[in-house]
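Quick one: structure below, then a few questions.
Naming follows writing order (A, B, C, D, E and F), and every chain is counted from residue 1.
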């Protein structure tokens, strides 16, 4: 408990950011027309690929001899970038159908 | 310029908070029906009375001999609390008209 | 800082966000206001008791006194004021908030000198606080009626010069560094003056927009003082108000079909102001426009609504939509009926044919003689494409060609919403004083389109 | 951290918020996606080049290789996949994101041991990452059709026990402190298993909801790794996805008129599942349900739509709404007509009376013999409350009482949407194979309500 | 004051000038009401209905003798005038412009006479305007009559035994009767077209679902809500514009009138020849010469395969409602002219001025 | 094969069994069509219309002599049968259940006869079902007739001269005719009420905007889409439920029939006495005895202030459409019975079986 309190008081701003981000996420999505649910899900999925930044940090920081870290990092980067690139591309394709008719 | 950059990098989280709060403010208000404009303005006005916290801090931290600070602080607190209490009360009265039918 | 206080501030911030959000919906607005108020009181109490520096008891006593005085005064004013005087009151309160920020800035200037960043923060607090202070007071006086609009040529230019001067001067103070209390007083004075200059030329009808803008500024001032103290609740709360207030300002301009710059600068020089000028009735009244969403709220919260259809309903072929509207309102517990004037439309029974087509229940159609006594306890009358049949000239104006014709006395209802496309006249070719009535709001547009909008607004409520 | 990188992250975060926001409106969605993508790429490039630690060139080469491989693979899959397979692809990608978080957690566990807070962060990343990984794979397989729903008794209980065990075990690891790689592998394994257990029993039709939920979890995993590195873009981006995904999940449940717990737990125990079970046709086909929004999209993006009204339209008194729908589609450039079967309804000319009441243009009503040749180039047929008149048994089944009756050959159209309240039979009392047709989607509900929903969905597009 | 209600004597007329409900209102206002025996029976009002509300049912002679105000729908005729004397105030439709002889006869009796059809077309006179109230019903009934006479049905019907195409109805003259005819035909599912010399009727016709056939009418004007006589040039242009619809029509209803003049001929025999076999024309203007060359008043002529019905009897045929409305108009008119049961009219007031044709034997208008 | 179309001889009948457009379709299929002179003239089909599409217009004797198939609408009568011989195939409505004598006469000629009114009520026979196609028009025209005969108008109308309340229309029997009557009356703005012994008609009536008066019908049943005779108990319950509406009605249309039997009496004279003065009853079941005690076939009886019209003439009065639909039914029937212009019927097929009453002089059904 104490540790938690300490963590909070050390990371107060982080917590504000957290809470505010949650509010924004909620506000942004709340009134979305249901036709957009799937593309939105897909877009959000691509965004969650931001985890790639972590994977990159793993690889950047890894000792070149630490094959395990490098290997796992490699896989993490591959998977992460697939998530990002594939995610945005698929979303884009889904949204083709919202092209206006002439 | 440098000072600004430094300030930013020192207060990065603050800036995130700032930006996120701006987004939230915008999102919250964007689609408000226009009958609510006045009460909303009034409510927001009450909220801006949060400046009272600063006024209280002035008074709390003031040297009891520092009559100027105490005096100005006193006025600031009075004005601030009028803003807060009056603001919320007036808003509440305005909102009377949205009472649900039985 | 005290961890409990941090958490209290956090909670207060959350209540602000939630409260503001709830204020945006008619059903939750009241509760939202309350929630934000609770958060605010928490923050105030927390600030007083949960700090970690020593405080002399005299300070406490003074704080107590200040709070007591302010609370009583604020409460009394808020409770006593007439409903119609509320907007100006908001402006007054807002000015007080600004003044508070200004005072804090003045006090803190001494403590923060040296650090350029902190100095600029203090200066911003003082400048913005002062501008909102005097600006709000002027707005209050204008709404009050105790001050008239003043329009001078080249005002625009003058004003901008003052503003630029203010900015330059502030930068200068920051650059200089060191303690220059005298300069600060000059800045203070200039800001107070600018606040006055800024609001004076703006038209009375535009005041709500200005108040909202000033309100947003107060929020920013609060946020700035928040930065000064590294105080999160002030920062986030202030920014929230700042951004929400700014957006609200734009939204309000939008609802009035004007741009913000038009509101602020349009007033100058006397040229750009025509578009906002409403038609003026014989008795000197002006026309009040309304929007679908406002009209929808009025209807939604009414107990009894009477619809008055006229020839325009037939022209627009809006019979199906009006029936939909009727059903929707009925399903929301509103008592809805149609008032059928004997000569509405262009042939005997025109409205009957029309409404029968959309299957409106015959029982809902009430004859003129039966409905007229019901208007005094009707909350809202919705007039759709009718004109002559609700023209009070038939009662009041012996020179009018319709003088002596019985009409639907919609004037007796509490609110009147009139939908037509323009201020054009009807069959009899005469203007209608009803449109200029205090109780009347005009919902301009083709009946079918306007009613469709109304229906979708209502569905969202 | 490098100040430029900080600012890049800040910008990326802003693009995420803006992108997500724009994704919420049909007109801006495409652009929003692009904006977010640009931000993401900025963040990636920034991360690689703007750090402040030394990196061996081998690492750079590996990073380049990994990015290249992943980009090519991701791009190709995304471009090649059939339109109908997209949702499962999203699930697959999501699984990859989860796996990435999991791997990062595993690598970092070693570095972060000791600090309880950090350990718990790592553990959370591993657990959540793994669950989303396997969960998404299962969802993918199910949508793929390569895995059937499995329903076991007491599954619910079992599942919850595993979850609780997982939580307890995680707490235990954190409490213990120190480096226990072995325990981490157990945790990893258990999480992977739980991901499988979690998704396996959920019905195929509910998969989109589950994917959205898993997506939200991936976001949270990303945020947690963000905390680990004190990396703002990961933190805010992840949280955004987490909260947006969660809300989206609820919204989707709402649109299906179900609660989340009903989706997740409803499937267990084999009792609450009847509602989801579709009727099975003679030929063994199953009924495909659709929602108003999906139907609306189909209609909106069709070039030619034929409406087939039947007795149900009259029962529901939905003539006005169907006319509104027709006008709306026409205004969107769709070519709409009505196919009138000679015995639709319960009296000769029943549909004519009905549609004349709502002022449908006579020219839009096409006789059976004239419309039948048009079905092959009709994109969507919307059957409203008709049954016998579109029953192919009239052609195919000599034992049927309607054998030999001419029908509307809607089967020849590209898509068929059928609105009725249930799987009940029509006048002739016989089941209709059309409902089980591959091309058919059933839009269940009272015609008036269903069409009203359709209209409002269409209006939002 | 005593009000006498006479039984209509015109052939085919079924209406009565005062219905029981209005008689009651008059009595409530303090008037005495005398009804000629059986005056209401063709409008389904029995003598007993009148007695029940306090009116007295009397023989013809008694009514003339006792009543001051005498009320009819159709013009007073020579038979009536024999019993009229100086003290009487007559109210009925007189068509004074086309009936100068009748007006002179009335003047000769020394009585006072109001003509209901001279009511000015102003907003506040609308509730006394019998032309409006009766034309309205005429428009409705003309369509019913047409539907009855036709060998086709109105609506589109797609049935197992084939599709019946909707009937095409063409309306000439979009006045009160024309508008109601449009509405009624449209309700029954016909495809309705309409034309009028006054361009402002386009919007009105369309507001009831008709297609309007516009004829460029530069040079033609209307006055006081009524149409003026059209030029020959206009007539030609009109034929060109309308012919296509006319030759395709299943039912044609003509209502074009110009007050106090012969109605314009809008359909010549030449045009009738080209119309569809089995078509029906209902000429509501027949009494004033007719809009169709062939039509004869109160006759059904079949020529060139077209049935042409000349009639004004339409309002009579819905006599119950028609009587009710006429009675209400009269009631409002009496209320307008009286104060506390006594006449108190101002000759410079428009309504009184326009309708008062003969004042105590003096002819005021012709 | 030669098809002969006879002119109807029944009084008041205006229809013709084959219209020009259908004659053309038959000719296109390879049949020859002979039309008796002037057969179509009352339905606005001229002889020249038939000739134009390739049919030959002949004198009566020639038609009988040359044609194999003879088509009529009304039953063949003694006059016709004199000219019929062994080789003829007759098609018309025969009402064989109520006409055993006629059937015997036909059998005596040795001819073959199909009865159109014996068509089974199954989905695939709908396009040959003349009862449906004609009842449908009857329902429409009954309302038009009612509107024509009434002294009131149908719709609610709020006018300067007062408000006209909507007419109340009550429909007995919600079969094909009843439904169309509901739809038509509703279109015209009446307040419509309806009742039927078959409970499934409630939803149908309501789908057209009528209020349904439910009578608890436990114990009553229907078969093959038709109603069975009702019990006395039901009749009593029905009266109780409906009386209030009946006594308030301005127009009553009765369509209740039970195939092959006398129609049930639904409105007694006692009830008529309590009806509104001026009300109208249209009894479409009059031919089978009538649903109203007072009604007489093809007569208008006015009794107790109520006008009671006994008629089946309604479809005839829209003869153009009625002929078209009848013709289409016959066409579909002939198509059903023939293959490459030759008869090829299977006696175990339901439609053929049910409609083939006399086969080469042998009576199959009665």
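Note that in this section a contact is a pair of C-beta atoms (placed from the backbone, for glycine too) under 8 Å apart; a residue touches a chain by one contact, two chains touch by 3 or more.
The chain lineup, named per UniProt: A, B = proton-translocating NAD(P)(+) transhydrogenase; C, D = NAD(P) transhydrogenase subunit beta; E, F = NAD(P) transhydrogenase subunit alpha part 1.
Quick caveat: nothing in here was measured; it's all calculated off a predicted structure.
Steps from chain A to chain C, taking the shortest chain of touch contacts, total 1. Contact with chain C and chain D alike is made by A, B, E, F. Most remote chain with respect to chain D, judged by CA-atom centres, is E. Two chain pairs, B-D and B-C, are compared here, and B-C has more C-beta pairs in contact (counted per touch definition above).
Of all the chains, the one whose CA centre sits at the greatest distance from that of chain F is B. A separation of 33 Å divides the Cα centre of chain A from that of chain B. The distance from the centre of chain D to the centre of chain F, with each centre set as the mean of the Cα atoms, comes to 56 Å.
With centres taken as mean Cα positions, chain D sits 19 Å from chain A. The distance from the centre of chain C to the centre of chain F, each centre being the mean of the chain's C-alpha atoms, comes to 69 Å. Among all residues of chain A, those that touch two or more other chains are 13-14, 16-17, 20-21, 23-24, 27-28, 31. In chain D, the residues that reach two or more other chains under the touch definition are 17, 21, 232, 236, 317, 342-343, 348-349, 353, 356-357, 359. Listed for chain E are residues 126-127, 132-133, 136, 155, 157, 159-162, 164, 187, 189, each touching two or more other chains. Every pair of chains in contact is given here: A-B, A-C, A-D, B-C, B-D, C-D, C-E, C-F, D-E, D-F, E-F.
By the touch criterion stated above, chain C contacts chain B in their complex at residues 16-17, 19-21, 23-27, 29-30, 32-34, 36-37, 40, 43-44, 47-48, 51, 53, 55-56, 58-59, 62-63, 65-67, 69-71, 73-75, 77-79, 81, 83, 86-87, 89-90, 93-94, 96-97, 99-101, 103-104, 106-108, 116-117, 208, 211-212, 215-216, 218-219, 221-223, 225-229, 231-248, 251-252, 255, 291, 293-294, 296-298, 301, 303, 333, 457. Chain C makes touch with chain D in their complex at residues 317, 320, 323-324, 357-359, 456, 459.
Contact residues of chain A toward chain C in the complex are 5-6, 8-9, 12-13, 15-16, 19-20, 23, 27. If you check the complex, the residues on chain E that touch chain F are 14, 42-46, 49, 126-127, 129-130, 132-133, 136-137, 140-141, 144-145, 147-148, 150-153, 155, 157, 159-162, 164, 184, 187-189, 277-278, 305, 317-321, 324-326, 328-329, 332. Chain C meets chain F in the complex at residues 340-343, 348-349, 351-353, 356, 359, 362, 365, 367-368.
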